[in-house]
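Chain lettering (A, B, C and D) follows the sequence in which the chains are written, and residue indices restart at 1 in each chain.
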Amino acid sequence: MSTTVTGRTHEPAPVQEEPERPPSVPAWRRKARPYVLSIPAVLIIAGILYPFFLGAYYGVLNYSAINPEPIFVGLENFARVLTDSQFWGSVRVTLVFAVVATGAEMVLGVGVALLLNRASRVGRIFERVLILPLMVAPVIAGVIWGLMYNPQFGVLNYVFGLGSTFNWLSTDLALWSVILVDIWIFTPFVAILVLAGIRSLPRDPFEASEVDGASWFYTFRRLTLPMIWPYILVAVIFRFMDCLKIFDHIYVLTAGGPGAATRTLQIGAYEDSIINLNYSLGSTYMFLLWILVFITARYLVSVLGKAQRRAAGAEG
Amino acid sequence: MSTELLPGRRRFTLTSVLADLALLAWFTFALFPILWMVLLALKTSAEQTSTYFAFSPTLENFGTVLSARGTELTSVDFTSTLITSVVSCVGAVLVSLIIGVPAAYAAGRWKYRGSNDVMFTILSFRFAPELMVVVPLFVIYHQIGLFDTRVGLIWVLQLVTMPLVVWILRSYFQDLPEDLEQAALLDGYTRRRTFLTVALPLVRPGIAAAALLAFIFAWNNYVFALILTGNEANTVTVAITKFLGGGGQAYYNLTAAAAVIAALPPLILALTIQRYLVRGLSFGAVKA
Amino acid sequence: MGTLKVQGLRKKYGKTTAVDGVDLAVENGEFFVVLGPSGAGKTTTLKCIAGLLEFDDGWIEIAGRNMSGVEPYHRNVAMAFESYALYPQKTVFENLASPLRSGRTGRYGAEERRRRIQTVTDTLGISHLWERFPRELSNGQRQRVALGRVLVRPADVYLLDEPLSHLDAKLRAAMRAELKQLGELADITTLYVTHDYQEALALGDRVAVLRDGRIVQVDTPEQVWHQPVDTFVARALGQPEMNLLDGRVDGGRIRVAGGTVSIPVPPALGVQQRQAVRVGLRPRDISTGADPGAEPPGRLRMRGTVRLAERLGRSVEMSVDVAGTPVIVVVSSDNARPEGDEVDLDIALEHVHVFAGGEPDVDTPRLGAAGIELGKQA
Amino acid sequence: MTVRSSSFQPQNGGRRLGRRDLLKYLGVAGGGAALASLLPACGVGGGTTSDEGSAADEVSGGFDWKKAEGESIKILQTPHPYQQSFQPLLKDFTELTGIEVETELVPEADYFTKLNTELAGGSGEHDVFMIGAYFIWTYGPPGWLEDLDPWLENSSATSDEYDFEDIYEGLRMATRWDFQQGSPLGTGGQWAIPWGFETNVVAYNKAEFDRRGIKPAETFDDFIQLAIDLTDRSESRYGVAFRGSRSWATIHPGFMTQYSREGAVDYEVDGDELVAAMNSEKAVDFTRKWVELAREAGPTSWTTYEYPDATRDLGNGTAMMVFDADSATYPQNRPGESQEAGNLAWHPGPAGPDGSYATNLWTWSLAMNSASQKKLAAWLFIQWATGKEAMSDAVRESAFADPTRASVFDGAFKETLGDFPGYLETFEKVIDSTEIQFTPQTKFFETTENWAVALQDIYSGEDARSRLDALAESNTDEVNA
């Protein structure tokens, strides 16, 4: 882009016989602008994702450690996985985990963000440490929580007086206990996104609403919620997608057990790929997981789009 | 103008006390495991699982962790993994910002054909289960010499940081009134200058939030760093788990001490950045 | 300084057409007002001219130069935004200095910049606000700063988008008067967009009325006022709106209000027997207190009952029932009547507008060629 | 992008990867053909199979530790007492041979993730790595491991003093297999050299036992009763800790040991087919008791228990006994390492009905990456690390339990066992019947993890008989597939 002065601007403007046409940008270049801005981002990631397609390709082979010369087997792996009740068990566990964890994190995250947004002294102190749980890598958080959950010497049973027979990671409780850890780690993520969102809202409508004497709940439902909805949905998208491919702390805490109580899809994929060295089967698992994530994300993104348009209307 | 946006002024009503209590409850839950980790970091090996709150605290574990230099426990200098993590995470976030912010701007500002598809593509990179890509990625990294390098880490961390940066910032750009940039264009500034001097400063809270979260997520990433690096470019998260030991002795106390140390850089970053998050730069007034 | 030409401008947002073939030709130095209700496409038109929006069809020329593909910063136009669009992170002074620092509106030394800003802020009465941030200003002050950011720089064309819309009525009137007196605006071609007919009539050298993305009428304020091309323009100007009475041509006269009122029709109007028409009467053209009795030539008399009388400051707005048809009248309070009184209404025939008949809510064109006025022919 | 000169070499024919290949691999990635062409590079490492001849054959002349002087090798290990005892000795190796050694450590939970990826990726990133015997069964067939037989037999490459036969026979057999279904261990190539090993026996809190005046149980039923008697949940104390996590590793220590002593087997060999026998009468009966033991006298969150959990509970006084590797409980008795240090003792565990002390074996061995570019240096390292001198030093200077060489065990190791009551007696009691009790098969990890999952399901209330029937059926399908 040129930075020179275009010539005719000093006052009084000289009368020009033959007006000089200022530089113009052809239409295609103007249209290309957003693409030019976006393409580097796409490329840098597509480059790293090239292996993804290779991984997907494994899904139609029978490639494993004991079968190092893979041949094309079509959809055989898919048929095998889709008729496997373990797979569907994992789908169920994964969905329950994702829905409950994401839902709880949203409710708590928005709640914490709203509470912190009041000008309370308690809130100001806590806001500084809000993000702390995120500072502990999930794989380490799994270790710490594992120690806390231990029935024999864990601090939770000690503090709550549950004795040594209360088992946080029993068949019935394990899924809820790993969800609790997920909530602990990631609620601050939601709270921060939403808090930043709240703080970028225009003030006028709230002042107006205050003047009108609207109740807190009414203001929240009619004003705050619609306006922060896009931020909440971004949080939902990221949390839900990450929950669907949850691995780190579940693996540390239960490795998918007891039985298949916490065997999420990515843990199933881990078993096939890494433990059993059956890459094709593992890839099939992950490809199906990817499809599940893809579809839900697509849906969530379209909801987000609508919400953003609505929010734009509410603000505007 | 009111200093607070949402319900109530500063007064000691029942609601505000209840709200403070709710906050207190949340933060008890949120901070207890952190406290527990810190206590663990102060315990000796003999006391690590046989004591609760009464023990003889020692700072020895921190010394052991920081002086771990390719010795029996970790095979890497803990401090050098800290540096690797700082360099690669800062690098990854910077790359994501430099490349991702324009993309977020394009998506937030213009409705161009395929804009949603581009955004969705960027997002979909996050879908790929790590384990699915990591084996082929390992081979390719070997072939092109990125294995066990910080550059390689920075690249692969784009999978973590880029979608976060782009998607968070898009919302902010969408919310930014177009008129401001248009005014600047008519003031005679090029689009680039307009973007840099008008749009960018106004989404600073968004950039702060996105950069911080992206940094933390990159910092905490485990699988990529585990598989794609060795002694040269191990990250601190990988190094922490090495203190878990093996062969019958797990050093939870050392692990906790390492985790406490490893949490400091993101914590410092968070406290530095939080100013922008907290104040939100009177951003509300931007919108008419 | 320069002319501005817009031809066949068309702009769609998705399926809705915002601007649908707008043609404008603004003379050098002219103060040109575009009047239209919200959603008519005023802002879109301005932004297209400024180069801020891509449009689908049409052609724009500023100071004799074709603007297609020209970036906004090369167009040498200045614009005041309805939202003010002040940079929130900059002080008033910095906001005003912004166009002078870009290097594309001329080169200015620091001293020159200060001088210009001083001049403009003196004119607008905001010199004491230099160090304030926009968030510390009232709406009126923000408005002035936004205007100042335009005036502070030379440009071929000034584009002003509803610059007074957020002000309260009193301030608006005051600002309107100020604008009128601003020498800067007198010299430079200005395209001024508003939904306020008073601004349009008071400020414009010429006024274009925009409706649904189309220009309905372009004329001087007098012509637009006296000869609105259709009921839309007629209703757009004046508050309260013009009374539109449905009627029918019967034996060379238009009969309205159930036939109790009849108006002579000049042949030049070209209406036919039994044709449905609408008669337009501006509330402020109608007077009360006429002597009951014969209708003098060139005037129209109606008798009705005051149903509602509402005081608007020094004048009173009355709703008068004329044989079942409500007629709104605004008179000075001296001439007002209490509710329930019978009243004789009087209006000069030259102030009576005749439009084609039509469905309610559908605007219809003025009948007869421009310049035909009832009074003159009667 | 530049192609960094790294230690990586492609496997096929040792051709260096050039810029053009790189472009070929990466540039034309769109089509299926290109993907297919990347696959071999991406996929299987593989390399030297016996018909290609061994790199060992290229070594000639007299043996000399300095033969590979100036090279540098990388080894992959998991943090472990073995590795920790050797770490200080590495400088001796460098002094002896002039070879630099760089160790990379990966925690045990992720060790196989890392190792599998690396081997599957076919990189020679690490020349030597630690593996357990079972890994040979899956890593061997794709050709990821170097056959060490030719190296052992080549007197130019192996010192006269090495004395391979000094290593316990059970261990040497355990690391040798021909990869044929149904064929026993001890046939075929030598895929790794045993370095340290573990017998799975009972460690107990002797101080507590002495206080109560009791002794370890000699039969399984007594063992169960004893464990139950020792359990006091209100005191957070329980009888016996052993693994229960959702991993193949749950099966191989205590469970497999006692399973074998009770006379049960994992598979019956039927021609070249294997038939799973986890649902035999004996097996079902034993499994019921074992799970009952876990429920009544095991840790409350048994299904998460791995060996560090078990040994930790012994160390902090929560568990009264542990049925797991002797060497895993060993460090807990070293002063300062745990609260109960000094209070522990060892016992062979309950004998079978017929007096059997059949004991399952775990050996950490050193294996060579078949994709290694520095095989001679790698072999010298393995030879040194499993040699008499280095192993004796490791035993003397720190906790290296148990050494795989009879001479080292009888010599240096016994001297260190003074504070470890019963350790030696236990070892001597079981060593002759200590071997791998599993039937070798290439689906070991998959089928054995299924087994662990079945135990968890039974623990959670499923019927042992029907669950084990289902397990046996699916495992039979799996191993013969």
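Keep in mind that, in the parts below, a contact is a pair of C-beta atoms (placed from the backbone, for glycine too) under 8 Å apart; a residue touches a chain by one contact, two chains touch by 3 or more.
Everything quoted here is computed from the prediction, not taken from an experiment.
Could you name all chains that are in contact with chain A and with chain C at the same time?
Looking at chain C and chain A together, the chains touching each of them are B.
So, comparing C-alpha centroids, which chain is the farthest one from chain D?
Here the answer is chain C, farthest from chain D.
Chain with the smallest distance from its CA centroid to the overall CA centroid?
A
Is the number of contacting C-beta pairs greater for B-D or for A-B?
Here the pair linked by more C-beta pairs in contact is A-B.
Can you check how far apart chain C and chain D are, centre to centre, with Cα atoms defining each centre and the answer in Å?
Once rounded, the distance between the two centres reads 89 Å.
Measuring centre to centre with CA averages, how many angstrom lie between chain B and chain D?
Distance between chain centres: 37 Å.
What whole-number Å value describes the gap between the mean CA coordinates of chain A and chain B?
13
Starting from the mean Cα coordinates of chain A and chain D, work out the distance between those two points in Å.
Chain centres of chain A and chain D, defined by C-alpha means, are spaced 38 Å apart.
Two or more other chains touching the same residue: where does that happen in chain A?
Chain A, residues with two or more chain partners: 3, 31, 50, 54, 150, 153, 270, 274, 279.
Can you pull out the residues of chain B that are in contact with at least two other chains?
Those would be 1, 49-50, 134-136, 140, 190-191, 241, 244, 283, 285-286, 288.
Give the residues of chain C touching no fewer than two other chains, as numbers and ranges.
In chain C, 71, 75, 103-105 touch at least two other chains.
Chain contact topology under the given definition, line, ring, star, complete or other?
other
Can you list every touching chain pair?
Chain-chain contacts present: A-B, A-C, A-D, B-C, B-D.
Would you mind writing out the residues of chain A in touch with chain C in their complex?
3, 5-6, 8-13, 19-27, 30-31
Hey, which residues of chain B end up touching chain D in the complex?
44-50, 70-76, 134-136, 138-140, 142-147, 149, 226-227, 230-231, 241-242, 244-250
For chain A, which residues are in contact with chain D within the complex?
The contact residues of chain A facing chain D are 50, 53-54, 57, 63, 65-66, 68-70, 146, 149-153, 163-171, 174, 251-261, 263, 270-271, 274-279.
Quick check: in the complex, which residue numbers of chain D touch chain B?
So the residues of chain D in touch with chain B come to 1-6, 8, 17, 22, 25-26, 41-42, 74, 77-84, 87-88, 102-110, 113-114, 117-118, 120-123, 125, 307-308, 311-313, 315-318, 325, 327-332, 336-339, 341.
Considering the complex alone, what residue numbers of chain B touch chain C?
1, 177, 179-180, 182-191, 193, 198, 201-202, 281-283, 285-286, 288
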